[in-house]
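Each of the next two complexes has chain A plus one other chain: chain B in the first, chain C in the second.
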Partner chain A sequence: MSTNNLKLIENPKGKFNTYLGLGIAAVGIIVLLLAPGFLTQYYVYLLATVFTTALLATSLNLVLGYGGLLHLHHGVFFGVGAYTVAIVTTKTSWPFAVAVLLAPLVAALIALVIGWFCVRLRGLYFGMLTLALGQLVWAIVYRWNALTNGDNGIHAIPVPEFLTSINSVYYATLLILVISLIILYIITKSPFGLMLLATRDNPVRSESVGVNVKRHRLTAFVIAGFFAGIAGVLFVLVERSVAPSLLFWSESAEVLIMCLMGGLTVFMGPMLGAGILVLLSMVVGLYTEYWLLVLGLLLLLLVLFLPQGILGYLMEIYNKSQDKRGGN
Partner chain B sequence: MDFATLASQFFIGLSRGMIFFIVSAGLTLIFGVLRITNFAHGALYMLGAFMAYSVSTLFGQGPYGFWLALLVAPIAVMFISLVIERGLLRFIYNRDHLIQMLLTYSLVLIAGDLVKIIWGTEYKSMHIPEALRGSFNLWGASLPWYNAFLLVVGPVVALGLWFFLSKTNLGKICRATATDREMVDVLGINSTKVFAMVFALGGWLAGLGGALIAPTTTISMGMDASIIIYAFLIVVVGGLGNIWGALISSIIMGVGEAFGILFIPGVAIIIPYIIAGVLLILRPSGLLKSAW
Partner chain C sequence: MLQVEQLKKSFDGFQAISDANLLVPKGEVVAVIGPNGAGKSTLFNLITGHLQADSGHIRFQGKEITSMAPYKICHRGMARSFQLINIFSSLTVFENVQASVIAKHRLDQNFFRPAKKLFIEETLEILDSFGLFDFKDRSCSALSYGDQKVLEIAIALGSKPELLLLDEPTAGMSSEETRRIVNLIKHLSREKGLTILLTEHDMELVFDVAQKIMVLHQGKTIAQGLPQDIRNDKSVQNAYLGETG
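Here is the complex of A and B:
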C-alpha cells in the first residue's frame, strides 16, 4: 500500500492572489447579507441549508484534502452535534446556549475516540475503520429509544424567540459559517496546517524528522469533528428536527461527493460543491423523482473527466496562465 | 436458555455467514486482483435478488422457477459486471482509492434508481421451493431446510474458488496478477483480460448471494446499503484480498449477529460493527495475510 493515500492532491504550484481572493469573499458576503431582501422565504431557507452543508464539507476537507486521510464517515459528527442540541433542549431544562456550546464539544469527543483508533491504521484500512465505528454510532442512535427516540427522530425542537423567523436563522447560520471558515482557514495556514500537509505528502519523512504523524492526524480529525458538530447545530436551527438517517453512511458519501466536486486542493472547493449539490437537488427535484440517478451520472462524469474538481480545474488554468506570464 | 436453542441459532448464524461469504468473496477477489474498492458490489447483489424474483415470477413462482433463477440471475449480473468493467472501471485502475470508490458509488446511486424504475417501489417476495420448505431436527434443534441448503452451498462455493485459484492455470494467473501485475504483463499474459474475468466472477458471486437471499427476505431497494457495509467490514477484517480470511470473518459476523439477536435483541444491530471494530483494533491489517 502506498504511503500517500491521495495521489491526486498535489500542492498547487502557483499562488492565488490573496487580495483577489479576499475581494471575491467580501463581495460574496455583501451579496449574501443583502440576499434575503430579494428572495422568497423558501430560497432563504435553501441558502441556510447551503451554509450548513458548506461548513460540514469544509470541515471534512481538513482531514480528506489537507490530511490526505480516507475519512469515509464524517456525517457522524454532524449528526452527533445535531442530536446533542436536540437531546439537551428536549430532555433537560438547561438553557439553549448550553446545548449549542455542548454540541461541538460532544462531536469533538466522539471524534477523539473514533480518531484515536483510526489514526493507527493507514490508507484503506483507516477508511474502513471510520466506516465501521461511524456505523456503530449510527446503530446506537438508531436503537437507543429512550435517549434518541429511535428511528422516529426528534421533532419540533424548541429554539429561542429570536431564532424563530427564517431570516434570523439565515443570518445566524451565515455569521457562524463565516467565523468558522475564518478559523478553519487560519488553521490550514498555521504551522500545524503546514505540518499536516507534510504528513500527507510524505508521512515517512515527516516521522523521521520528528513529527508525530499520528498526533497531527488525530488533531485534524478532532478539529474536523468539532466543526462538523457546529454544522450540526446549524442544521437544527434550520430544520428544527433530527433523524438517525443523518448519521447513515450514504449521507457521508454525499459530503465526499461535494468535496470532490468543488476540488480537494482548494479551500473554497468543498463549499462550492456543497452549494452546487444542494441547489441542484432542489432544481432536479422539481422535474423528476430520480435525483439519485442524476447525482450518480453527474458523479460518474466528474470522476472520469474532472477528478480535480471545478475549482481545482480553474486553479490549474489560472496557474498555467501565471506560469506563462512569468516565462515572458 | 437450553442447548437446542443455542445450537439452532448457531446454525442459522452460520448459514447467514455463508451468504456473507459468497458476497464478500467476490468483493475480496476484486480487491485482491484489481485493487479496487467496489461499492457497487452491494448493488450487484441487489440486482441478483431482483432478477431472481423476476425469473421465478416468470415461472409462476413454481418449483423450477427457483432453480432457474439461481442459475440465470447470477449470470445476468455477471454480464452487467463485465459491461461495467470494460466500460468504466478499466479507465481508473491507476487512480486513488477515493476516485475508485466514488466511481463505484456513482453506480450504486444509478442502480438504485434504475431498480426503482424497472421494478417499482413495492416490496417483493419470492417463494422457497417445495423441496426446501419446512425444517428438520438436529440434536434437538430445529433447523430450516433452506438454511441447511445454504450451509451446503457456502462450502461448495468456497471449494470451487479454492480449486479455481490454486489448481487451474487461470486461477494461478489471477493470483500472480494480484501479486505483481507488471511481471505478469512482461511474461506475455494479457492481464487486462484477467481483470475483466475476475470482475465478472466477483459480479457472479454477488448475484448468487442476492439470488440465494431472495427467498428468505423481502426484496427491496436499500438491501444494497446494508450488505455492502457488512461485506466491506468482512473483507477488511479478513485481510484485503484473502478469501479464507473473508470466510473466517463471515462466519464470525454471521454467528455473532445470530447470538446477538438471541441474547440482546434490542441492540443486535450494533453487534457486527462492534465485532469489526474490535477485530480491526486488535489486528489492524486483518486476520489473515493481505495478499494471497
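Here is the complex of A and C:
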C-alpha cells in the first residue's frame, strides 16, 4: 500500500444522512448499556477489549485515512499510555487519577518527538521512519529493566476499588470511548479536519493557500498519539497488566488492518474493523493457534476484493441508492 | 509590488534561470512569455517559494521573500494557480474554495468549530463570480477540464491575494473556454483591482490583457516593457517570435 492508494480513497464523508447516523449510534449505545445484563462475564470482558481497540484504531485513522499518512507504528503510543499508567501506579505513590491523566500526555509527547522527524518525509519513507522510531521505543521498554520490568512486563496493576468488577470496567471504557469518539468526530468536521483532507489530497496546493503542511500533519500525529494513549489507559483497566509486546510492530500492523477492513473513508469504519478482528481472533483461537495465518488470508481477500473496506463498501451502495432516488 | 532581480537557479548543472529580472507594478497585468523551456514555470515556482533560488532577490511589497516557505508567502498576500490541475481531488467544489478561505483567515488550526458553517457567503461569492455556483456541491473531480481550470483560479482567489500569479491559465482549453478566462482576468484586474502576473502561450491573449510584458529566453530576461515595444523588439523577434512563426 502506498500513499497513492490512499489518495484514491474518496472523502471520509458522503451523503449519509446525519440523523440516520445519530440514530444508529443511539440504538447502539443503548444496546451496549444494557449488554452486561444479558451477557456472560467473558463476553463483557471481550466487549471492553473491543472498545479499547476501537479507540486505538479510530485514532490511527485520523492520521491514516484523513491525513493520508502511512503510519505503520501507532501501537507505540498505545503501549506508552498503558506503561505510563503501570509505572506511575506501581513505582510512585501518586494517585491513580494522576496516572490516568499523565498517560495520554506522555503518549502525545512521544508522538511529538517521533512525529517531528517523520513529517519531514513522505509516503513510504514516512512509514519506514514511524516503524524505525517506534521499534526504538519498543527496544527501550524491552531493555530498561529498572523502569519497565523488561520482558516480564508489569502485572497486578492496582486500580481503584470501584474499577475492580468487570462490569464497572466495561462501563468506564464505554464512557471514555464515547467521549473520545465525540471529540475525534468534532475534530474531523472542524476546519482543521477539512484542511487535513486537503493536505492529504494535495500537500503542494495546501502549502500555497497558506497552510503549514508539516505542522498540520504533526498536529494530527500528536492528537492521534494522545487518543492512543487514552486507549492505553483503557487497556490497563481491562487487563491490569502490560507487556513489551504491546509496543511491538506486529501489534500496530493489526490495528492498521482493522482500519483497512472497516474502511478508511468512514469515521466508524476502523471501529467496525476493530470489532470484527477482536471477535474473530477469539473465535479462531478456539480452533487453532494460527491466528496470524487467518489474518493474512483476510488481508489478502480484503485488498483484492474490498479495498474500500466493509463500511466503505456499504456507504458506496447506500450513496448510489440515494442518487437513484434523487433522480441523478 | 513585485521585484525580481538577477535571479539564478540551476538543476543538476542545468541553468534553468540564469538572469531573470522582473518588475510588476501595483494594479497592472504583467505577462511573462518565452518559448517552451525558457524557465517560466521555474520562475513562478521561485517567486512563490516552491523552489529555492541559488542567488538573486525577490521582493514583494518592498520586503525580501527570497526562498521563504510558500505558506508564508501566501500569508503576505500572494496567491497562485498552477499550470496543471492542482486541486483537492476528494473535496467538493465548495470545499475546495472554502479550504483556501479558511486558511486565509488562519483558522486552519481550529478544532472545534463546524467547518461547514464557516465563510459560506465569502466562498459562494467567489464561486458565483467564477460561474461555478451551480456545481458547488459536486465532487471537483466530476468537473470538466475547463471548469477545473477555472476552479484552479478560484482557489487562489480564496486567499484574497493582492498579487495573483496565473501559470498558463488557458493551457489545453478550447477557444470558448479561453475567452471565459480572458474575461475573468479582465474582471479581476479592473473591478477587483488585483495585480496579476501570468505566463501564457496564447499570444493573442497576452497582447489582449497584459499592460507589460517580460520575455524570458533560456532563463534570461531579454526584454521587458509595453506590449508594442516588445512586438517591435529585434532580439525578441529573433529569439522567440521568429521561432514560432
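By our rule, the second predicted complex is superposed on the first by the 318 of 328 C-alpha atoms of A that agree within 3 Å, B and C clash if a C-alpha of one lies under 4 Å from a C-alpha of the other, contacts with A are read in each partner's own complex, and residues count from 1 in each chain.
Everything below uses one rule, namely that a contact is a pair of C-beta atoms (placed from the backbone, for glycine too) under 8 Å apart; a residue touches a chain by one contact, two chains touch by 3 or more.
Remember, predicted model here, so these are calculated numbers, not experimental data.
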Comparison of chain B and chain C by chain A residues contacted: B
Touching partner for A:Val303 - first (chain B), second (chain C), both, neither: first
Touched partner set for A:Met268, first chain B, second chain C, both or neither: neither
First (chain B), second (chain C), both or neither touched by A:Ala253: first
Which of chain B and chain C A:Thr219 touches, first, second, both or neither: second
Partner chain(s) touched by A:Leu197 [first = chain B, second = chain C, both, neither]: second
Contacts of A:Ala132 with chain B and chain C, given as first, second, both or neither: first
Partner chain in contact with A:Ala243 - chain B first, chain C second, else both or neither: neither
First, second, both or neither for A:Val211, with chain B first and chain C second: second
Chain B versus chain C as contact partner of A:Val85, first or second or both or neither: neither
Residues of chain A contacting chain B in one complex and chain C in the other: 7
Chain B partner contacts - residues on chain A that touch it in the complex: 5-8, 64, 70, 72, 117, 120-121, 123-125, 127-129, 131-133, 135-136, 139-140, 142-143, 248-250, 253, 256-257, 260, 290, 292-293, 295-300, 302-304, 307
Of all residues in chain A, those that touch chain C in their complex: 7, 9-11, 186-187, 189-195, 197-198, 200-202, 204-213, 215-216, 219
Residue ranges of chain B touching chain A (in the complex, touch as defined): 37, 88, 91-92, 95-99, 101-103, 105-110, 112-114, 116-117, 225, 229, 232-233, 236, 240, 266-267, 269-270, 273-274, 276-277, 280-281, 284-286
Complex contact set, residues of chain C against chain A: 48, 50, 69-71, 74-75, 79-80, 82, 86-91, 95, 98-100, 102-104, 106-116, 118, 139, 155-156, 158-159
